[in-house]
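Accompanying notes for the structure given below.
Lettered A, B and C in written order, each chain numbered from 1.
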C-alpha cells in the first residue's frame, strides 16, 4: 500500500494522509468543521484537480489550518505517497 | 539596516502566520536547523505557498540548507520568488557565497525577478571568522551574522551568557561590516526566559559596534528593537543639529559642542534610522 | 419580541432597553432577614441541615463561588438533593465550574429544573447547552445578581454559604483555614436576603476577628471535613501569559491607555485575571515605574500580581470582591489597604458602586460584532462556557472599556457580523485591541480625537473584520433554531439575549 503522511496536529496545522486508491475518497475531520468543512473539501478537490489526480484516498485531520497549509500538506503527502 | 531578525521555523504554519505581529525588521524563515531531516520537503512546500499567499511589511529572509548538498539546492529551486528579499547561508565560506550568488542570478533571470536578492552569510566556523573580510566584499552581501552556538562548538569552547568567548569574532564582525558598509548582526541569546540577560547581551553587542541582533523567540524583539534603535535623546539631539546646520555653513557651535561635517553626517544617519523605524 | 439590540426576547420577559435604563426606575428592596435561631446552630452534616430546614421540592437553594473550581459544597448539597429524590429545585449559584459534577446528574434526573448564575462552565454547562435542563437558565451579571436578590426577583429559600473560618454562631470570613479563599463578597446578598442561611465550614474556630459573614443572619452552621480543594480554588488562569501574541496585545493595550491619558497619577483600574489581561497589568506597571505614578485603586478579581503592586506602593488600595489565587488571599488577610467589598458595593447598578469609579477596565471576548456588542457567554458553536461575571457591570461603569482579543482563534474570526450571544451591549464598549490593529467605537469621538497622529494602528472595526477574513476565509454560519433553554439578563434583569440549545 502506497501511503504518504504530512503535517501535524498542532494548532493551525493539519495532518493529511494520502493513500493510493482506485476510487476517489475524501474524509475530513476538523476542529472548525461546521464553519469550514466545505471550504476544506474544496481546497482538497481543487488541489487534486491541479495535480491531475482522479483517484486517491485522502484523510484530513484539521486543527484550524488556513487554505495554503491544507494545500501544502496535501501536496507533500501525495509526494511522499508516490515515493513510498 | 536591520535591528532585529526573528527566526521562525518554516514548518510551523501557526508561527509563520503570526510573524508579522512581532514588529521585527526581518523574519528568517528557517529551512535548516529547526526543521528535521525528514520534514525538509514539507517545510519548503509550506513556505513556498505561504510566501505566495500573503504580502509583508518586513524583510523576508530564508535560511536555506547548505548548497553543497541537495537540500540547499532544492530549497532554492522551490522558494526563490519576488517575495524573497535575502538568503541566509549557513556555515558560509567565500566559495559557497560566490556559488550562491551565481545560482541566485540564474533564478532571477529565469523567473523574471527584477530585484537583487541579497545574501546574509552566517559566520559559524573558525575559518570563516578569518574569511570575514573576503566574504564581506562579495556581491549581494549586505550583512553578516554571527552564529555563536556552532562557532563555539567548532572552537571547542564553552558558550556563556556573558559571552567573553565571542568577544573577538563580535569585534571583528563589527569593524569589517562597518568598513564594507554592511550590517553586523549579533548571534541570538538562547535563554528565552531570561529577559535581563538578553538586554545585557544586546547592549554588549551594541557597545562593540554591532548593528542588530537575531532573536529566536518573538518576546525578545521588543528589547532588541529598543536597544538597537537610536534613543529618544539621540533623536532629539539629531533634530536640533540638523535644524541648526541649515542656518550655518561650515562648522559651528551648539550647546557648547563643536558641530562639523562628520557630526552632521552622523545626525543625518540617526534621523534616517528614526524615519525608517517610525521613531520620529 | 425584539429588544433594543434587535435580539429575540421570549414572551413574558422584559426586553433590554438601554444600558442606563435602570436609572429610570426606582430601587426597591425586600426586607433583610435575620435568623430566629437563638439556640445551638451546630449541625454535623448537610443531611442534618436538610432535615432541620425541611428542604423540599421546588425550593431555591443558593451558593457563592469563592472556592472556584475547588468548591465541594455545591456537590455535597446536590448529592443530598439526588439522594432524597427532590424535584424541581432551583439552583442560584453566583458561578458554576467544571468541578460541579453532581449537578449534571441532578439536571439529567430532573432534581434541578432551573438555574440562576453569572458564569457557567464545564459539564453542567454542556448538559444545559444540550437541552437537558427541564426549566430555564437565567444568566445575570455579578452586580445584577445582587440586584435580583435584593429586589426579590430571585427568592432564595436556603443559602448555603461556604465559609473557610467560622465560629459556632456563624461569624466568619475567608481569610484563614485549609480552604482559605479570601473575599466572600458574592455571598453577602444571600446572607442578607435568603429566608434561611446555612454556613458550611471545615474550620470551626473560637473567634473570628473580622467577620464578614455575621451571626445575626445565620440559622445553622454545618461542620464538614472539607469545603474546598485548595488546588482548585486557585484557578489555572492566574499567570501572566507567555504567548507571544497575547504579550503583543498586552503591550499595545498599555501603550494605548498611556496615549489616551489614562495612566496618570491617581488612576483607578480593573484588569481581571486572564493570562493576557494580567500581562496588560505588567506593562502598565512598567509605565507606572517609568512615570513615577501611583494608582488610586485596583478592583475586581484580585491576584498575587495586584497584591504585589499594593505591597510595592504602586497601588494605594485594592477593592476585592473575589480572590483568584493564594497570593491574593494572603494579602487580603494581612494588608489593611486590601479591602473586601460585597457584590453590592462592587456592581449593584443602584449603588455608588466601585465600577462607577473606574478610569478603565480591560475585558475579554469570545465574539464581538461591528457595533461592538460583545459575547462572553457562549462559544461560536453555541456551547455555554462563560457568562458576564463582572463584564457588563464594569463596561457600564468604567470611563473607558477596553476589550482585548486575538483577531482570530484557530481560523475563527472573533469579529462576526452577528454574534452568537450578546452579553455586553456595544454602547458600553469603547475599544477593541487585537495584535493586528485597534478599533475605537465611533461613539467615542473624544478618544478618536486623542489618538490623532498616533503611531498605533487605529482602524475601523470593519477593516479589522475584512483583515481577518483575508486569512481565514468566510466561515459558514449556522442558523440558531434550537429550542430556547434560557436567557441572558442585563444588570437590571431585562433580557439582552436568549440562549438556545446547541
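Simple rule for what comes next: a residue touches a chain if its C-beta (ideal position, glycine included) is under 8 Å from a C-beta of that chain, and two chains touch if they have at least 3 such contacts.
The structure presented is a predicted model; accordingly, all values stated were derived computationally and were not measured.
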Which of A-C and B-C has more C-beta contact pairs: A-C
Most distant chain from chain C, judged by the mean position of its C-alpha atoms: B
Chain A and chain B, separation of their C-alpha mean positions in angstrom: 36
Averaged-CA centre spacing for the pair chain C and chain B, given as whole angstrom: 47
Centre distance in Å when chain A and chain C are each reduced to the mean of their C-alpha atoms: 43
Residue numbers of chain C (touch at least two other chains): 471
Where chain B touches two or more other chains, by residue: 17
Residues of chain A touching at least two other chains: 11-12, 65-67
Of all residues in chain A, those that touch chain C in their complex: 11-12, 31-32, 34-39, 63-67
Chain C partner contacts - residues on chain B that touch it in the complex: 17-18, 20-22, 217-219, 222, 278
Touching residues on chain C, where the partner in the complex is chain B: 242, 244-245, 247-248, 251, 435-436, 455, 471
Partner chain A, residues of chain B touching it in the complex: 12-14, 17, 41-42, 45-46, 48-50, 52-53
Residue ranges of chain A in contact with chain B within the complex: 6-7, 10-13, 65-69, 71-73, 75-76, 79-80
